[in-house]
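Note that the chains are named A, B, C and D in the order they appear, and that numbering of residues resets to 1 at the start of each chain.
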């Protein structure tokens, strides 16, 4: 572990998690976890079921409150903020199951995510001006839904819904993008497209991904963190992690 | 529109639909088609024809108050039937229009407006709670109607458009307290009531009187309407050991209170403490169960067990009309007086006109009243006797005391003006 | 305020007051238990719960009349039979209601609130048409209405003891049933994962119906027991509904222990405050406290902290 | 004018116009003043139902205590009117002239401090709106910041209604107790009991209602309206799109409270009294029913639903006084089970398609928007139901 930490170049961290612990009625889902993400890094978290992967994302975005520890995002302590304040700070989160507004059209889904008019008064006086329309179109093209703007979101395929949710994050231009299993349930060609999409959109931001699909992980990851029982088991490049005996034991033993 | 007074035939549904559709039209027609009589018996366009006169009955037949108001409806219908059997009023048969106040005060106001404006009734017999009376009062004053109100109540009111056939608080309370002090040697009182205007005002009157007699009020408690748990207050009573529990609990709470009082080992027949209630009539005992209130005393103007001939006839007629198991309480009797007092006033005035009936009302006597004899006071309340009854296991009261004279109604007792 | 009384008096008063609190506790548990099953396990908001209770009371009334007429010799024991009848009748009505109304609304829990409110109106009018608008007096066997004198100043109402005993029996019975019996296990399985329960061969429709009927049946028993302490009239059921829901919600809906704990807390708070303050003030303060605590713990007293 | 047209598409404008014509022309012509006054009374409930469409239909917040706000608005107005009716000349027979009669009966010798400002009509008008808004704001902050929702919120509002009822009844010296505040006569010297006053009040009432409808329409059409729909679907997603969900819930709850309060104040003016029976649970649930009958997602439906239920109630209770509860109960069950979208749903399913055939095709943009919105409506109910169901299972 020490070795891994040393190998990190002295760049500024976008996200630094230190000593993070959360317990549910005595069960420590995340236990004294520390994790650092650099600027423009694509970090993938893997680990067996129940390792605490999703809980870590929940903790970062404020959905779950930490019992102990700190989460610093560009110097801001996130554990003290509400969910929407964390979003305003520049953290975006995609859920495991596509979480979109199925009653609304693709356009409206993206429009609602457009970062303007986020308070009551703003929402009442929000107008659909050219800036909004242009931005929505731009994002829609990026997520391969440029021709489906007027379609109701519940009519999209599962993969398209995943893209839409990613698009809803992109329109907010977050500095840290967190994706929980972005290619789950996608066809092979959709996976390829998604991998390309991720490569493209990570140019000027950091990305934290949870994924099970090892091929996909290998395609996109700068570095990989393996979680086990709420703690970091191993960290480093894909090859390095794959050859770590502890990781092999956990996966085979599982 | 008021098809309910006729029996239904096969086409109820169609008739009903017709009724629904006909409402707006019928309202206008009804206004237009009213008989334009202008004789001396009816110079103000009331719903009076050569053969009939319309009156209203306005009580709750649904909702929480239906429990209490059912008896009043029955009494008023019985009185109307008896009057019709005797030839009606000024030669006209009485037809009644019954409306449901639904235990909801705005509904009372709405229905009273309908009765006065649309139906042009010559009198309304109705209301039970003070709140419903307060809600309709401005309407009766504005449209100049006549209301016969049957319930014993807190007083503090005197309207030219209402005849109060029940007792106001001082009539009921002072005699009762005097009696327990004199006959039972009571020195201390615990006042317990439901939390609304009648018990609070009654207890104020009681407290003032008790103070005047130089005696002690050892506690005063109110519980929300509909409260069902009285064990705490019963413990308090046990702690304070008053000579008298002066109770004005109403509605469903009554049942809970007396059952729990008995279960807590307070045997009311031992009179330690003695229970004096102003709210439990024979009607309420039906729900409480005679065995659960046996020994309590009630102070009011009428009990079913009165032995005068008027009452014997009344009870007999009432049971013939509404079933042998029925009981009659104070308010039911007072409601029965309404149509009779109205008839007497109309006949004295020789007219159905509200103003003339009002002018004729003070001084009207009813020698046939089940409670004995009543007379209408200038202030529209009744002169009446007050009696103390001792509750028996069979659900009836044994009358143990009766004031010698009629008590003058005093709706605005000194200190409340 | 206690200066006027001797120590013995005070001791006995506090003993009796404690007992009054326990009676109130039992009453709350009895009221809430049926609802806790229906609301907690099935998510159905049954606004007609009070009317089911009153049905139990009316059944008790009918049974007592029957016994007085035909079986006066064993009148003293009619109450037990009445409770059984009350359970059967209300449970049957519950099953009927579930079949006719509730099962169509499982996906819309807030709508069950409206539909059962309509049902409560219908039941009220039904009682009024059948039994009359007046309250009926349920005559109780003499042995139930007395009190047991512990010493000179402490008297324990027997019906209070009876209600407490009944509460314990029913609570334990329900708890055992939910833990051990087939229906209980099936109910919990259905609550936790409906499709899976169906997949392993549980007849979920039947389980729903039985659960709803069970909840209503317990309401019926409660109503039967309440003839000892309260009134029986067409609208008496409405007196209980707010308290009942608060007890269940305060307890944390899904747990029976929570319901019992919340009934205990609310009853003790209310009965203590009633003794020191006036009745209305005590009621207001109790309700305010419950609302306040619910704000702090929206999921009630007993709910597991889990990852959402 | 063009601005109004912007947010009420021409299509909806026609419906609103029809309602306005019914309220402002047809009703006054077809009815005598007694029935019209009755309709006016019903319309005051429509304010509450309209508020419920916003906070329940769109916001997903079921409040069983809207009567609280209706009552607060009504009481504010009643306090002003009562003070005017209690001038020293009118109350000369009291032991303390110049205070309301019920205070005198309760041996109060001076006007309580919180009554004093209600001598001013301006203050009263402000209070009618602000007191309930503030109260709703406090409840809203306490509840929604703590994420109390669904059934729990419904039960808590019920408890709040119960608390307020007990308080009002118990403090009769200050509030008039169970009788309420009665015998109100004049408004700034204008006798509100005369027929002409009733006509004028009816029109004021109708105009205010139409004003509230337009305001509600604006809210629904704004991004805030779409956010509410989105929140019912995916509250977390809205939160993680950077919105403070609770502030939107508080806002819509306050709007509903203000609408209810305006209705309450108009009720007091038209009926001439205010009583605690409105604050309680039963009327609060009844008003939810009005909203459900009209269609919980339709603001115009709220008005029609209220009128229909109350008209049925009045007719039933006149024709079959002892049976109307059966009919009402059946109506509630029937609407919930068979027509969950109420009258509006029936209209959309059966009437509208036929009308559409006779209609000239509307401009493409607005039509597509309408269609999608309506498709959204039906989808909303089914999807949210699924979600609520899984919630219930988790509890």
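Just a few scattered comments:
We take it that a residue touches a chain if its C-beta (ideal position, glycine included) is under 8 Å from a C-beta of that chain, and two chains touch if they have at least 3 such contacts.
Treat the numbers as computed from the prediction; the structure is a model and nothing was measured.
For the remaining chains after leaving out chain B, touch-based grouping gives one piece.
Chain centroids computed from C-alpha atoms place D closest to the centre of all protein C-alpha atoms shown. Comparing the centres of all chains, each the average of its CA atoms, the largest separation from chain C belongs to A.
Taking each chain's centre as the mean of its C-alpha atoms, chain A lies 48 Å from chain C.
Between the CA-based centres of chain B and chain D the separation comes to 35 Å, rounded to the whole angstrom. Computed centre separation for the pair chain C/chain D is 33 angstrom, with centres defined by C-alpha atoms.
Looking at chain C, residues 124-125, 128, 238, 280, 283 sit in touch with two or more other chains. For chain A, residues that reach two or more other chains under the stated contact definition are 63. In chain B, the positions touching at least two other chains are 61-62, 195, 222, 224. Residues of chain B touching chain C in their complex: 61-64, 66-67, 69-71, 195, 221-224, 226-229, 231-236, 238-239, 251-256, 259-260, 262-265, 283-292, 395. Against chain A, in their complex, chain D makes its touches with residues 218-219, 222-224, 226-227, 229-230, 233-234, 236-245, 247-248, 251, 368, 372, 375-376, 379-380, 383.
Residue ranges on chain A touching chain D, taken from their complex, read 61, 63, 82-84, 87-88, 92-93, 95, 99-105, 108, 111-113, 115, 117-120, 123-126, 150, 152, 154, 165, 168, 172.
Residues 5, 9, 13, 16-17, 19-20, 23-24, 27, 124-125, 128, 132-140, 145-147, 149, 153, 155, 157-160, 228-236, 238-240, 270-271, 274-275, 278-280, 282-283 of chain C touch chain B in their complex.
If you check the complex, the residues on chain B that touch chain D are 1-4, 16, 19-20, 23-24, 27-28, 31, 61-62, 98-100, 102, 104-107, 109-110, 113-114, 117-118, 129-131, 134-135, 137-139, 142, 156, 195-197, 200-201, 204, 222, 224-225, 412, 415-417.
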